[in-house]
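Okay, here's the structure, questions in a sec.
Chain lettering (A, B, C and D) follows the sequence in which the chains are written, and residue indices restart at 1 in each chain.
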Amino acid sequence: MLKDDKFRALLYITAFILAIGTFFYHSVEGWGWLDSLYFSVITLTTVGYGDFTPKTNIGKFFTIVYIFIGLGILVGFVTPIGEYIVDRRLEKVQKREQKTET
Amino acid sequence: MLKDDKFRALLYITAFILAIGTFFYHSVEGWGWLDSLYFSVITLTTVGYGDFTPKTNIGKFFTIVYIFIGLGILVGFVTPIGEYIVDRRLEKVQKREQKTET
Amino acid sequence: MLKDDKFRALLYITAFILAIGTFFYHSVEGWGWLDSLYFSVITLTTVGYGDFTPKTNIGKFFTIVYIFIGLGILVGFVTPIGEYIVDRRLEKVQKREQKTET
Amino acid sequence: MLKDDKFRALLYITAFILAIGTFFYHSVEGWGWLDSLYFSVITLTTVGYGDFTPKTNIGKFFTIVYIFIGLGILVGFVTPIGEYIVDRRLEKVQKREQKTET
């Protein structure tokens, strides 16, 4: 229950912070909506391709603050997704093994 | 035993998710097979050189979802490999020390 | 209390290490002040866009050492910020749920 | 004691894995020694600027394997360095506070 609550909180905040980034980069750097969302995700997950980078001073300053605030949130959001998929797979393998043992 | 099971599950899912990415980028972005695999690994380990980046809208959208799903898995896959190598080395050093003490 | 102390220590060291990087890249690579700070943050959070990269040998060597020393610090600084925001949101959601249950 | 042993093991393996990468990229991609070391560090710490990237097929394949093996090691090497610096600072702050309290 608590874990579901935490993931829902993470989902909510992730959506919120990506919306802010998308809106900011669209307005200030003049990129398209998808490009601005794409850049926000690429930045806060620390992938950082560099195909889009802020050219204005406000954009660079915002990006510094955006990373400080958002990086921990996106790492926190992405980690349980991976764990969930691995745990699912693990359960499946272990059930099969139990069957073979009996 | 459980740890081996977990690593095998991680290996399986990692291979699966890299296969999906390789196939997608080969088909949609038109990159070669090795380049598509290389890009998938560079992306999901968050290295993100930027020598290859998605140019199509579908490619950008897929990459966002791909990172959300795959990043935690690849981090989970890479971490125990490093730990295993370090633990091996640590055992070797500690055995040598025990010998010197006796 | 101890947690506040730790965050204050992290804030202090983060500011200090970013100041060193900013000063170094401004002096050695000849970038503007904001660009030098921006590059230091982009590097130590491992985003690494590549819009700025060291061109001199001293700059490359410094960057290697800078990452070894600073990466753990910035990851340590950014993580609790994300956790704080998520915990705040979680509290809010759980309080609302308790009200609905009564 | 054990912690020191672990860090020494990490230092040893990190030096070893960086030497392998440096030698490989120097030989196969034809980069200078410092550039090859710089690229190895930038890759395994996941910064990934993209100012250097492998151009040959062998180079791309090696980089995939290199990341799988080395990423966990370098993250394991860099993390305790950051923790050590933060703990040092924390001790200093707490000692000063104790003095003020008395």
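The working rule: a residue touches a chain if its C-beta (ideal position, glycine included) is under 8 Å from a C-beta of that chain, and two chains touch if they have at least 3 such contacts.
Keep in mind the model is a prediction, meaning the values are calculated, not measured.
Remark: rotation between chain A and chain B after Cα superposition is 90° (nearest 5). Under half of the residue numbers found at the chain C and chain D interface occur in both copies, marking it as a different-residue contact.
Rounded to whole angstrom units, the spacing between the C-alpha centres of chain A and chain C is 17. Of all residues in chain C, those touching 2 or more other chains are 46-50, listed in ascending order.
Chain-to-chain contact here is organised exhaustively, every possible pair of chains being in touch.
Per the touch definition, chain D reaches chain B in the complex via residues 5-6, 8-10, 12-13, 43, 46-50, 53, 57, 60-61, 63-64, 67-76. If you check the complex, the residues on chain A that touch chain B are 34-35, 37-38, 41-42, 45-51, 77-83, 85-86, 89-90, 93-94, 97. Residues 46, 48-50 of chain D touch chain A in their complex.
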